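Here's a structure for you.
The letters A, B, C, D and E name the chains in turn, as written, and every chain counts its residues from 1.
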Amino acid sequence: MDVAIPCQVKPHPVTGIANGKLAIWLFLASEVMLFGALFSSYILLRTNAETWPRGHDILSVPLATLNTAVLITSSVTMVMAWAQLMMGNFSKGRKYLAVTLSLACVFLVVKFFEYKDKFHHYQVWFNTPTMVAGHEVTTITGHIEEKTDDFIKFLPDPPKGHKAEAGHHEPIKIETSQIKRLSNYGPWHSNFFAVYFTMTGLHGLHVIGGIIVIGYLLGPGAKLWHRDRQFYINRIENTGLYWHFVDLVWIFLFPCLYLI
Amino acid sequence: MSNHSSTAAKDTHAGHHDAHSPEEIQKHVRTYLVVFVALGALTAITVGVSYLDLPPVKAILVAVFVASIKASLVALYFMHLISEKKVIYVMLGIAGMFFVVLMALPVVTETEVRSWLRALLMKYVP
Amino acid sequence: MNNRCWNTTSLVASLTLALLAGSALADGKMGTATVKGKISADGKPTPGAPIAMGADKFCLAANPKPVSPQGKLIFADGTLPYAFVYIKSADGKLDLGSKYTPPAEALEIDQSGCMYKPHVAGMVAGQTMKIVNTDDTNHNIHSLPTKNKSFNFSQPKKGMTKDLVSAETFNNPEVMVHIKCDVHPWMSAYIGVLPHPFFDTTKKGGEFTIKNLPAGKYKLAVWHEEWAPQEIDIEVKDGETVEKDVKLAKK
Amino acid sequence: MGVQNPGYWLPVDLSKYGYKIDDLINIIHVFMLILFVGWGIFFVYCLVRFRAKPGHRANPELIHAKGSKYAEIGVAIFEAVILLGFSMPVWAAYKHAPPDKDKAQHVRVVAQQFAWNFHYPGPDGIFGKTDQKYIDEAANPVGLDPNDPHALDDIVDVNNLHVIRGKPVMLRLSSKDVIHSFWIPVMRVKQDVIPGTVFPIWFEPAENATLGEFDITCAQLCGNNHFKMRGAVHIDTPESFQKWLDSKKVSTQPVNAEEEFKE
Amino acid sequence: MSAGHSHDHGHAHDDHAHGHHELGFIRKWIFSTDHKVIGMQYTVTALVFLFFGFTLMMIMRWQLANPGHVIPFVGSMLSKQLYAGYMNLATEGVLLPEGYNALGAMHGTIMVFLGIVPLAVGGFGNFVMPLQIGAPDMAFPKLNMMSYWVFLPGGLIMLASFFMPGGAAQSGWTSYAPLSVINPGQTAWLVGMIFLITSSLLGSINFIVTIIHMRAPGLTMFRLPFFVWAQFVTAFLLLLAFPPLEAAGVMQLMDRLAGTSFFMPSGLWVSGKAAEWVGGGSPLLWQHLFWFLAHPEVYVLILPAMGIVAEVIANNTRKPLWGYRSMVYAAAFLGFMSFIVWAHHMFMTGMSTKISTFFQTTTMIISIPSVIILTALVISLWGGSIRFNTPMLFAIAFLPMFAIGGLTGLPLGLTSSDIHLHDTYYVIGHFHYVVAPGTIFGMFAGIYYWYPKATGRMMNETLGKLHFWPTFICMNCIFFPMLIQGMMGLSRRTYDPNIYQAGLASLKLHKMISWSAWIMAIAQLPFIFNFFVSMFAGKKVTENPWDSTTLEWAAPSPPPHGNFLTEPKAHRDPYVYSPPGRKDDFLPQHVVLEV
């Protein structure tokens, strides 16, 4: 019933590419502007802020490095899938696609654990500098053991650098009157986390988008292979372009948030 | 490490022709594996550098530089930008222009205004 | 953000509260005891400039003589007006154990002469409130509760009234909800929302009287805008009047 | 007296340097009028002359209209002239060359949702320290620190700015909550007040400015009662300014509750 | 049956209709993937939103003309308390200040994002552009359908925000932070905006791919009608300028719901107590990102209207457009410059001289392409044989109105004159002159011009003139006094202007404006009547009622699914009118010359 759309599969005589590829590149151009706006705001907020924590100290770099490796591998398996399909072996291509999909899910799972850890990690600011574990501090970070209206039981993090010593690290009791502010590492904690959650959250949504599309192409979409092989390969290539772009955004996101 | 892979890709590019014949794809696959290794290495480098606690400006420069190399590797080889048609380059060129405007001007405007404002206040506060 | 989720939870809470009150429990226990006394302050309030009524021509005309902030008022003998005195249970809770249905007539808050009248008042949780604007200028009533639903609306013309009923009024006990006017920053009123009717605001000579209190041990709590709050233990028997004077310390 | 009618519909100009802005506005509007009338005449002429008459065929050749190219270049040149000749020098002078700070009257303006708080340094000429802790909307809207000696003689007035004819006024604008915009139409001064920053501006009432009270408007939407945020700038002679200053002295006599308490 | 010779009447197309099996009503009209049906869906929805936005303005005009009086007709309805915590716009029949702000913000949002953009790009772009380039449909029909069905929920969320507890958005259509983060009612606005932006984004991708890939053979880029060029540049503006606002919208949504402080500076004191936000953000960041979109947005509003006006003028002067290429280059240059000009909306936020110099200069430069396009259109009248039918009346009226709109932009583009004129009624007069008698007159011209193509019937001419003249006169009686009020120093967005000296002085003008606005509302009735009745009672027409030359007139009206009966080819420029030595005074692009 559909109207025959020219150069849906056959490349356009002048531009030499099919509709899909031009469309996906235009979509990626708009995505570049979307993430560009976020990066521009990140730079602006960082240059204007008096104090800006180093991502290296607060976020877990090893976990993020694992995520980077996962995403780069999924990018490679995506392009390998395209190569296999171009060479005609459908089953190998589907295997690579499935690996890409599972790697994307692994990325999200790692992300979930990272977020969960942030929401359980608390920071306490004191009204007046108080003695904690031997030295005068105005703020400490750690986990809450127990919380009531008039005091909280707080297990501070081990000092930076060396891991928790052998002796069990005993939680300390802090009166609510002493606490100027108590906040976990959610987006409301400070602008560093606001930027962190917004950018990684939006990137996560794009990963979920990718998972849905790849899932469709593995599942019901695969019938297209038998109907019009080149059309299916084009779709895989365009999805691959989108996926490489999502990986490319993470390649910039990873150093900007975690390392510097 | 990284420049080795780009020279390897150069010769495959020369023999490149539109019809994707199987052995042509085979060469592509080897390129992808080389690029994969390069990306892994670069990631290791950038993480390693971050443990060195360089001064902030230098750390930012190194991180951004390494990230842009990785990004260009992904873009050129995985997204086949190295052998793409002219219309895509035109589209990306337009988007790139406005991307630069978007990245530069709000930051330039704000930092410029803040420093100018500090100087101006001197003329007002007795 | 947390203020917003308070609003939704308090809305649900107030609905269930209203249901509960209506259904099972009998009316609150009333008694015949009364508590009287004087509230005074030791020391002088920090000096403050009179209110800059010139901000709005109408207000300047309505108050020819300078008006000082109501929190700073203190009588010659040291007694304090606008102190809010209320009863708490022996263990310091607002709820005295039995349900009191809010009185029928509304708590009227009038805006006249660019000041809130009454400046300090008490109400039973769930009692309707009537906001009246008798000034010929625009007022904007903005309530800042933490345990109740806030409201923020304007009354641009003279004679406008708005009744806040059922879910809109204050349904959760909260001592001292601050109500301010966004247009005239100095205007402020403090409303004490209690689950029971045993409260009073001190007027001339700093006196207060709380009547028909059931016998028993209570805490007499005093709140004032400028001075530190204080609680003292009291014990009342039926038909008997207890005299208690409280001297508030500096905040 | 100032400049009573500085141009079409422009409000009276009581500022010493307001004429620069008015001149620029008038020049641009004259240019716009000339351009529009000239263009309009050609436009109507074409409509009348080339209306469809029976048997009349349009003539397809496209006239190589030299005139339009010159017109466009003329417009471009004029724009360059008003840009480089008028707008930039006026803006630069206005922003970069404030009057001498020792001879000017200094006032801190703290904007808040729906009121302008004017903070005068008082006789000692030094602003008292302020902190959010001490803010009390009725008695102390700018949060003067009570135990700072300089703050004792400071005067805070809501919605009323008193200036002296001929004496430049230097304002430091800041806001408590949202973006407002400090605008005195008769003084041709307007500046957005951004919370979190302090922005200095200045204006100078003309020597012969008419005395009396004029509008201060909030030009940026700042909430539901944005329209009510009307302030008044009072242009005084030095004597009337001094009389006002004395009347604002902080009242030290004790608060007379008996007569004030009317409940 | 050669579709070549235009006088061959339209009977040919009936016997082709049975070729496609008939779709159910739902697939044919509701979830259709036919660009013409989607175009009509966009047009009708946008017109409904435009009239709704118009009624909001009429209520505001009552408050400005006689502040504090009971609003007739709708006063009691607006004062009804729907549920506890509902923010009603009026009490006791009198409009409240928060009601005035809500109406103002929603008037701006609905007219721009729900009215003109969907009408200009969604309606005309979708319906006319594929026909004009000889394509059977858009490149991605399903994506096209999806863009409408993402736009509609966005619009409905915007309407529903009036009934939500916080009420509608109350911080202007620009929604400046920190006010928009503190004020209630902005969350629904932001969610609605994200829907609208995604819809425009998907639409623009579809447009660009269709124009580049699906032009008829022989239709090179410089043989495209100017309307298609306008849509092409507009699509790029939508594609590249909208995403930054989506990012800013996400950030403001996070500020409102998750307590982040992207736009909240530290040390905020709100409603008598220190605000909960941590601070460190910059309110100007929102303005930068918003205006980075909003200035290309205003060119998205004007370019399609210029395209329609160019089509109608070329057709009704029976003469090719003067300087077609210069107009195309000017439109492209306009599209590019619109990205580096945005901060002239922010001169008063405290800019250093260096930055304001840059933006003043770019603002002056951007006025030149608009002058070029306008002059080219005026000179096209020279030597023509002008037919004064309704579309031509609207197109001709567009020229002086857009001239006034453009000229009044000059004093606002220079910082020094902007000091007095910023955020006054002068600004409202300026942009309304460009948008109301400018873009909306272009839209009316387009509706009257392409109505026969869409429905196969002509709209009534006398009703058209009855609609044009009062609207044209009222438009000027509304917006010229606003320029005067602006010069007098009357600040915009004021609920009760009589508090200010400038307000009292201009009260007579407010009354005149209000009366003109209400009369103009009545003047729209002939159009509404004409629009709906002509579908059945209008004069039946063949493919080319206006004797036009562009490709869309080669398709039968209304065009069937797949548009053209035979694959159209373009043999010449788009506007070959009054060719010497031929009987007809027009030579359509698709006609093969028997030489």
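Convention: a contact is a pair of C-beta atoms (placed from the backbone, for glycine too) under 8 Å apart; a residue touches a chain by one contact, two chains touch by 3 or more.
Note that the coordinates shown come from a computational prediction; the quantities given were computed from them, not determined experimentally.
Visitor: In contact with chain C and with chain E at once: which chains are those? Just list them.
Guide: Expected: D.
Visitor: Find the two chains joined by the most C-beta pairs in contact, please.
Guide: Pair with the most C-beta pairs in contact: D-E.
Visitor: Among the chains, which one keeps its Cα centre farthest from the Cα centre of chain A?
Guide: Using the mean of the C-alpha atoms as each chain's centre, the farthest one from chain A is C.
Visitor: Chain with the smallest distance from its CA centroid to the overall CA centroid?
Guide: Taking the mean of C-alpha atoms per chain, the most central one is E.
Visitor: Could you give the separation in Å between the centres of chain B and chain D, each centre being the mean of its C-alpha atoms?
Guide: Spacing between the chain centres: roughly 47 Å.
Visitor: Using CA atom averages as chain centres, what separation in Å is found between chain A and chain B?
Guide: 19
Visitor: In angstrom, rounded to a whole number, how far apart do the mean CA points of chain C and chain D lie?
Guide: Each chain reduced to its C-alpha mean, chain C and chain D end up 42 Å apart.
Visitor: Out of chain A, which residues touch more than one other chain, so two or more?
Guide: 15, 22, 26, 29-30, 33, 36-37, 41, 44, 48, 188
Visitor: Could you say which residues in chain C touch two or more other chains, in rising order?
Guide: Where chain C meets two or more other chains at a single residue, that happens at 1, 138, 140, 152, 154, 180, 182, 185, 188.
Visitor: Can you tell me which residues of chain D touch two or more of the remaining chains?
Guide: 95-96, 112-113, 137, 197, 199, 223-225, 228
Visitor: Let me make sure I understand the interfaces: which chain pairs count as touching?
Guide: Between chains, contact exists in these pairs: A-B, A-E, B-D, B-E, C-D, C-E, D-E.
Visitor: Report the residues of chain D in contact with chain E in the complex, numbered from low to high.
Guide: So the residues of chain D in touch with chain E come to 7-11, 20-22, 24-25, 28-29, 31-32, 35-36, 39-40, 42-43, 46-47, 50-53, 56-63, 65, 68, 71-72, 75-76, 79-80, 82-83, 86-88, 90-92, 94-96, 112-113, 132, 135, 137, 176-179, 181, 183, 185, 188-192, 194-197, 199, 214-215, 217-228, 230.
Visitor: Help me check something: in the complex, which residues belonging to chain E touch chain B?
Guide: 212, 236, 240-241, 244, 282, 284-285, 288-289, 292, 336, 339-340, 343, 350-355
Visitor: So in the complex, the part of chain C that touches chain E is made up of which residues?
Guide: Where chain C meets chain E, its residues are 1-3, 11, 138, 140, 142, 144, 149, 151-157, 160, 162, 165-168, 178, 180, 182, 185, 188.
Visitor: Flag every residue of chain B that touches chain E in the complex, lowest number first.
Guide: 87, 94-95, 97-98, 101-102, 105-106, 108-110, 112-113, 116-117
Visitor: Once bound in the complex, which stretches of chain E touch chain C?
Guide: Chain E residues touching chain C: 68, 84-85, 87, 91-92, 94, 96-98, 184, 256-259, 271-273, 276, 495-496.
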